[in-house]
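Below is one structure, written out as C-alpha cells; the observations come after it.
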Amino acid sequence: MSKLLTSFDNAIERIEDGATIIVGGFGLSGIPEKLIIALRNKGVKDLTIVSNNCGVDDWGLGLLLENKQIKKMIASYVGENKLFEQQFLSGELEVELVPQGTLAERLRAGGAGIPAFYTATGVGTEVAKGKEHKEFDGRTYIMEKGIVGDFAFVKAWKADHFGNLVYRKTARNFNPVVATAGKVTLVEVEELVGIGELDPDDIHTSGVYVQKVLVGNDYEKRIEKLTTANA
Amino acid sequence: MKRQQILERAVKEIQDGMCVNLGIGMPTLIANMIPNDFNVMLQSENGLLGIGPYPQKDEVDPDLINAGKETVTAKAGASFFDSAESFAMIRGGHIDLAILGGMEVSENGDLANWMIPGKMVKGMGGAMDLVQGAKRIVVIMDHVNKHGESKVKKNCSLPLTGEKVVHCLITELAVFQFTEAGMELLELQNGVTLDEVKSKTEAEFTISPSIEIRA
Amino acid sequence: MKRQQILERAVKEIQDGMCVNLGIGMPTLIANMIPNDFNVMLQSENGLLGIGPYPQKDEVDPDLINAGKETVTAKAGASFFDSAESFAMIRGGHIDLAILGGMEVSENGDLANWMIPGKMVKGMGGAMDLVQGAKRIVVIMDHVNKHGESKVKKNCSLPLTGEKVVHCLITELAVFQFTEAGMELLELQNGVTLDEVKSKTEAEFTISPSIEIRA
Amino acid sequence: MSKLLTSFDNAIERIEDGATIIVGGFGLSGIPEKLIIALRNKGVKDLTIVSNNCGVDDWGLGLLLENKQIKKMIASYVGENKLFEQQFLSGELEVELVPQGTLAERLRAGGAGIPAFYTATGVGTEVAKGKEHKEFDGRTYIMEKGIVGDFAFVKAWKADHFGNLVYRKTARNFNPVVATAGKVTLVEVEELVGIGELDPDDIHTSGVYVQKVLVGNDYEKRIEKLTTANA
C-alpha cells in the first residue's frame, strides 16, 4: 500500500480543465516546483488556483500564468509578477484577495470540516463587504468560509511511504494546511525514508492527509531576495 | 536622516522580553537597532519566531526567509511553524507589538497601508491580520506626502487596512497616541515646533500636558 | 459467541489501506482480527494514528495510551498529534471508517450510544464528533436488550449521539444498510431466519433482493 | 528574561477564587500533576475548570473535587470519578458536557482569536439545544464559541528558558491547545534544556504562548488501565 509514484505526469493525470488546486509555498520558498511544471506541461485550462502568492514571471505559479492556464487566483499577495498584472487588467484573470491569516485559516477550516468561522481581520475594509457581521463580547467580526480543493499540491522535505511528512524551516509555511484541504493531496519531497524512520513525535503532517508521494530531483529553490550580512 | 529619526523613536517602543512583528520595508530596519542586552523575539508571519541577522554568504538558505522574502537566519530559541499557527499566534493576541508602515492614518486610528486605487493591487498580505491581532500597533510613516499634503488625516482617503486599530503613530515630526478619547500629540521630534505639527496635520488632536508646558 | 459473530462480520468492513477509528469497548477487540497482510492505520482520538498491539510488560508507557485509556504501543509509521489536530482529522472526513458500539439505532440511521436518562451522565467523549466526521459509520450491537426488546427501533428513545449518521448496522442476527431510501436488510447472520429478524426488529426495513431469493 | 520559576506555590500565587483554569491531559496521561497539587494546597474555591476529564477520586483534578474547590466543570467525559457523581447529584457541582472534538476546537479557537466557528458535531442532539444553526452547502451546522481561560496549566516533556515546548507521545493530547488558550499559561516539564537545544523544526508549542516554566521531579504518571500483551 505504498503511496509512492515515480511519474509526476501520472500523478496529475486526473486533473481536468476547471479544477480547483490548492498550492503550498510562500513566495518561491517551499513551492511544489515539479508538480507545477508537470501541470504546465499538461496544459489543462480554466484552473482556480488557491495559493498565498502567484510565483514570478518565469517560475512557480508564474509558469501557469505564462501558459494562460489560470482562470481565477485566490491569494493574499501577488505583487511580484508582471504577467499577473497584464492578465488581470485585460480581464483574462479573476482575482480574490484574501488576508494571509484568513487564507491560512480558511484552508485549515476546510481540511478540518469547519464550514465557516468568525474573525476580526478585515472588519471595516473592502474584505468585509457582503460578508455576515456578528458581534461577540462587544467586538465585531466577519464570517469567513472554509476552502476545499479538488487537488492539493504540497512540497515537503521528507516523506515515508505512508505519506507522513516533515518540512524544513520556513519552507513549511502553507504546506501543512494545504495538505489537509485537498480531496486528493499530492506531495513532492526531496527525500523518501523508510516506514518508522521519522520520529512519530516530529511528524508535521500525518499520512492520513496524503494520497500520493513523489520524489523530486535537483530542486532549484530560487531565492527572490538574496540578502546577506555583508550586503 | 528623517527616516533615522523615525526609526530611533520607534525602537523605543520595544521592551525587553517582547515578541514583535516588524512590517516589510522600513520597519524591518528596526531589527538592527534593538539593544543587544534585550531578549526580543521577532516574528515573521511566514512561520518563524526568532529571526536572526541576515546570513553570511555561505549560510544563505532558500528554505529560510522572512515575510519580505529576504534570506535570514534563525536565532537560538527560534521555532518554525505553519501559516495557520503563525496567524493563530497573531490573531490570538500573543504578539506584543507590531510596527508597520503606513500610507495614511486618521484621527480615530484608522490605517490605510495596502492599496492605492487606480494602481495595480498587490494584495494585503498579513497586514489586515496584524492590525487586528497584535496587542499594540505602532505605525511609522512620513508626516506629509511628496506634494506636502498631510498623511495624518481626518478620514483616510485610501482603502482601509483596519478601523480604529492604531495605538501609536510616529512620524519625523511627532508621536501621537490614540485612545477612546481620541488622538493626542505625545511628543515633538527634536527641533520640531508645535506650530509646524499643527500646520502639517489635517487630523484634529489634543495636546499632552507635557508638551503644553514646554511650548 | 454472539459477540464473536458480530466482530467477525465487522472486521470485513475494514479494507486494506484504510485509516480506521475503533470505538471504546467491543469495537476495540476488532483490532486483533484485522488480516496480517492488511496495512491498516488505527486512529486513537487522544492523538495517535497507528495504534500497535498492547505492550509487553516492560514496554508499558504511561505517556502512550489509547482513547479507552489503555496502555498501547505505536506501530511503525505512526504519528502523534494534539487533540485539535486529531479531531480536525476526524471532522474533516479523513478517517475512512469508524466502528462504534450502540445502545439504539433507528430506521433512519439515528444513533444513541452515550447516555441513559436517570443514570449518571458520563459524557459523550468523542462519539458525537466521530459520527459526524468519519466517512463511514458502522455500528455493532446486540439486536435486543436483556428484556428481549428490540434495540433497532422506529425512533430512538434514548438521547441521540447523531441524527441519520449510521451507514451500516451489524448485530448477531443481521446486517443492515442505511441510504436515502431507508433501512435495508442486507444479510442474515449464520443460522438466523428472516422471520426471527422481523420479529425482533421494531424498525421498518426493506429486504435486499439477494435475501428474498435465499428466503 | 528566563521564564523559569522554582516554586509551584509562587507560580499559582495570583490565582484567586472564581478563576477559570484550563487544564491539559487526557485521562491521567499528560496531566500537570504538580500544578494541580499546588492548587489543591492553595485551596482557592469556586473554580471553573476546563479539561477533557476530571481525574480519578484521589489523583489529578479529582484532588480538587475532594477539596470542593470546583464550582463548574467543562469536560467531554467524567465517567472515571465517583466524587464527581456525588457532587453533581447533590447540586454542588455544575457540569457542561462538550463533545471532545468541539472542546479541542473551542480551545484552539480561543487561543487563535476566533470567537466562534461552525461544526456538524452535536447537530440533532442535546448539545445543539439553544445554539445557532446554519446551513452550508445543504448540511446543517451549529455555532460553537472559543474558550479563553484566566490561567492554563500545561504538562510538557521538555522546555527551554523561553518556554518552547516538546511533548512526548500521547501525553501531548490537549496540552498544546490549552497552552494557547490561557491569559497566563503555566507549564510544568520533566526536563529543562538550554536555549537552542530544541530543534526549531520540532518544537510543538512556541514559547510565545508560555508565561512561566517549572520543572517537576518524580512524576507519578499513574496508569488508569494497565493492559499488556499477556493480559
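Every chain is named by a letter (A, B, C and D) in the order it is written, and numbering of its residues begins at 1.
Keep in mind that, in the parts below, a residue touches a chain if its C-beta (ideal position, glycine included) is under 8 Å from a C-beta of that chain, and two chains touch if they have at least 3 such contacts.
Worth saying up front: this structure is predicted, and the values here are computed from it rather than measured.
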Contact distance in steps, from subunit B to subunit D: 1
Chain pair, A-C or A-B, that carries the greater number of C-beta contacts: A-B
Rounded Å distance between subunit A and subunit C, as computed from the means of their C-alpha atoms: 35
Between subunit A and subunit D, centroid-to-centroid distance (C-alpha), Å: 33
Euclidean distance of C-alpha centroids - subunit C vs subunit D, Å: 28
Two or more partner chains touched - positions in subunit D: 105, 108, 112-114, 119-120, 167-169, 172, 200-201
Where subunit C touches two or more other chains at once, by residue number: 74, 80-81, 87-88, 90-91, 132-133
Touch-based graph of the chains, sorted into line, ring, star, complete or other: other
Listing of all chain pairs that touch each other, if any do: A-B, A-C, A-D, B-D, C-D
Residue numbers on subunit A that touch subunit B, as the complex places them: 26-30, 52, 75-80, 85, 88-89, 95, 97, 99-105, 107-108, 119-127, 157, 167-177, 204, 221-231
In the complex with subunit D, residue positions of subunit A that touch it: 105, 109, 112-120, 134, 136-137, 139, 141, 145, 166-169, 172, 200-202
Complex interface listing, subunit D residues touching subunit B: 1, 108, 110-114, 160-162, 164, 180, 195-196, 198, 200-201, 203, 206-209
In the complex with subunit A, residue positions of subunit B that touch it: 44-48, 53-57, 60-66, 68-72, 74, 80-84, 86-88, 90-91, 110, 120-129, 132-133, 159-164
Of all residues in subunit C, those that touch subunit A in their complex: 16-17, 19, 39, 41, 43, 49-50, 74, 76-81, 85, 87-95, 132-133
